[in-house]
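The following pair of complexes shares a single chain, chain A, combined with chain B in the former and chain C in the latter.
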Partner chain A sequence: MSIMEYNGGAVVTMIGKNCVAIASDLRFGVQSATISTNNPKVFKINDRCFLGLSGLATDIETLYEKLVFRVNLYKLREERDISPRVFSNMVASTLYEKRFGPYFTEPVICGLEEVDGVLKPYISATDLIGAPVYTDDFLMTGPCNPALYGMCETMWRPNLEPDALFETVSQCLLSSLDRDAISGWGAMVYLITPENVTVKKLQGRQD
Partner chain B sequence: MEDLSQAVSLGTSIMAVEYDGGVVMGADSRTTTGSYIANRVTNKITPIYDNIYCCRSGSAADTQAISDYVRYYLQLHQSELGEEPEVKTAAQLFQLLCYGNKNNLQAGIICAGWDQHNGGSVYNIPLGGSLVRQPFAIGGSGSTYIYGYCDATYKIGMTKEECKEFTKNSLALAMARDGSSGGVIRLVTIDKSGVEREMIPGNKLPKFYDGR
Partner chain C sequence: MGEQYSFSLTTFSPSGKLVQIEYALHAVSAGATALAIKAKNGVVIATEKKFPTLMDETSISKIGLLTPHTGMVYAGMGPDSRVLLRSGRKKAEEYFRFYKDPIPVVGVVKELASVMQEFTQSGGVRPFGVSLLIAGYDEKGPQLYQVDPSGSYWAWKASAIGKNMINAKTFLEKRYSEDLDLEDAIHTAILTLKEGFEGLMTEHNIEIGIIGNDRQFRVLTPPQVKDYLTVLG
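After this line comes the complex of A and B, so read on.
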């Protein structure tokens, strides 16, 4: 059993028209045993930047706290909020620092980036040692990946309005969770637009 | 990625309960390869004879092969016997195969049914190949989560309906906690008049406290 599949977990993010969505499952388990069903894996960095982490639960906690520490220092020095692009870089270099003894997590970053005065959606992901990937459609992480790829490739279209994006992300995630034994037990979906951030908890299969 | 280096396994929660006049058998419906759910509507309760069924847990390949052998041997036995075979006989055939090949098998089987000489009976054949008759038997990876619940809830002399409720509730609890169990609950009731199959889909499962 791979160390990345010890606790399970799934995170997916998608780009819409002037909005992004990021969602995760809620399970915390130890191999096949489910310990709690209240463990979301999406964290807010600031109003315009969110982080999703899957993989080993202890490393998720540690990496998140390390990144928050660095972001706080950034904010003190720069006197401004960190942008998703810069945060993405920060995540990649934090992971590469541990190149030969890595954190067993694969992060996904999403947010709204200011480009020439206009807010544009941004998503990126890295592997466990900080190799980044940037796309303009969707990204996912966790043992649920193969199922999520199939669902997202089929259901995603460019320029989805916020409501449609929310539906698409939710259905892709819920259907994929049905095919993964170590993720699930509900989901949490964040929809980020220039005006606000909405969070919804989804009821899924509890098995 | 689907982990084909890991064998197809019936993670599983299985159960059988005896009542006066027959047995109730239940199972979840999840088959996994590693963490990928290869089949989420599996049928783990397989017929061995008209009046005898078995619940399978462990390696999917091993349990399918074993139940095919037992079905074949039982058919030959019935031809010589001239009447419906006893559940005990089927269970002992399972034991013969599971104990004799214990080093090469990973199979936990519950054999249950109704016959005219003994009424309803439930036999548990766990991993090493031992055979034990029990008023109710639980098996599979999910069963570890419901030993306490089953011991606390079971009463001698339950009716058919009470046995079904008991099975449904126990399996729902096991499926909620065990990652290797899930899907739908399949129930099979065997008595003098024959066999009745039921399926309880995910949204109709009994609901318990789940953290919310």
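After this line comes the complex of A and C, so read on.
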């Protein structure tokens, strides 16, 4: 049993046309026992930046609090919101600080990055010790990875409009959750566009 | 017996002053004049670089690069400014390593001011004998700051520090306008330096640093300075 699979969980993020989506399952369990079915793993950092965390639940909580602490100080000192790109480097640096005794979480960051005055979709992910990866399609984290990879590779296309992106990410996640015993019990999907953020709770197989 | 005690030299006088800081400011006022002007599209900093004739002035630079997009000049004790330059560079680089984002100008100013303040409230140290003029360009546009030995800092549109600061500031007040172009600012800076300059001003006894829309701070080479001097006659 790997410590990363102790609590289960799945997070996936996808890029669409001028929008990003990030979604997670809702299960909180201790190995085979499900304790709660209302444990989303996506957190808002600011209007333009979201964080998804999977892995050991206690580390998800602590790492989230630590990052919020640093983001709050950043906002006070710099008098501006942190951008997704800078935030993802902050996450990577924070994780590497614990290189030889890491947090057992693998974060996924998504948001809208301002480049020359225009908002562009941005996603990135890191491993538990801060090795970053940046792509322009999709990223995922958690023990549900193999199933998610298969679904996303098949379903994702570039330049999906917000509604289509929402459908795609929802179907990919729900189907993948059915293939993982320790993730599931529904999902929470965030759809982020320059105008607004919508959140929807999905009812999946409740097992 | 003396080694047991290490209290701060900057203890308050009855009138509420920190005498060591006052004396540090005297050291600054005795230093060679340095000035800076913020234009609408950049900042220029300039200083006298008067050394004895036998000294190789090409080996010494008073204007220093803090980051690719910020630079600074000092008035006062050169060695003290080197320590601050080193410290400012390190803090800026630490920021960049953590965020992969260049430090905001006001950020590096705050770090330097914070260091200078520490040396007015610690045991066994003395305040830095320099005032700094820091010029930079970031998302908020071109910016100019001054930091004093006390650790206070302010933003300026144009300012001067050192020997001839009072006359220089009066001169700048008359010449400054909100929509100065960087090229105009460079000319004004040179003219202001000339006001208090003893002897003939050449490209070897002044130093000029500029930062424009390209957000790259650089020190002008003597041939470049000579071009500006020739234009001004």
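Rule of thumb we're sticking to: the second predicted complex is superposed on the first by the 207 of 207 C-alpha atoms of A that agree within 3 Å, B and C clash if a C-alpha of one lies under 4 Å from a C-alpha of the other, contacts with A are read in each partner's own complex, and residues count from 1 in each chain.
The rule we apply is simple: a contact is a pair of C-beta atoms (placed from the backbone, for glycine too) under 8 Å apart; a residue touches a chain by one contact, two chains touch by 3 or more.
Being a predicted model, the structure only gives us computed values, none of them experimental.
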Fit or clash - chain C, chain B, common chain A: fit
Touched partner set for A:Ala181, first chain B, second chain C, both or neither: first
Chain B versus chain C as contact partner of A:Glu113, first or second or both or neither: neither
Touching partner for A:Asp59 - first (chain B), second (chain C), both, neither: neither
Touched partner set for A:Asp25, first chain B, second chain C, both or neither: neither
Which superposed partner A:Asn89 touches (first chain B, second chain C, both, neither): second
Chain C, chain A and chain B - angle at the middle CA centre, rounded to the nearest 10 degrees: 160
Winner by number of chain A residues touched, once chain B and chain C are compared: B
Closest Cα approach, chain C to chain B, once both complexes are overlaid on chain A (Å): 32
Touching both chain B and chain C, residues of chain A: none
Parts of chain C lying in touch with chain A, wherever the complex brings them together: 97-101, 104, 107, 110, 139
Touching residues (chain side chain B, partner chain A) in the complex: 1-2, 11, 28, 30, 32, 34-37, 40, 141, 145, 175-183, 202, 210-212
Chain B-facing residues of chain A, complex: 1, 5, 8, 29, 31-34, 36-38, 143, 145-147, 178-182, 185, 205-207
Chain C-touching residues of chain A, taken from the complex the two chains share: 77-78, 80, 83, 85-86, 89-90, 93
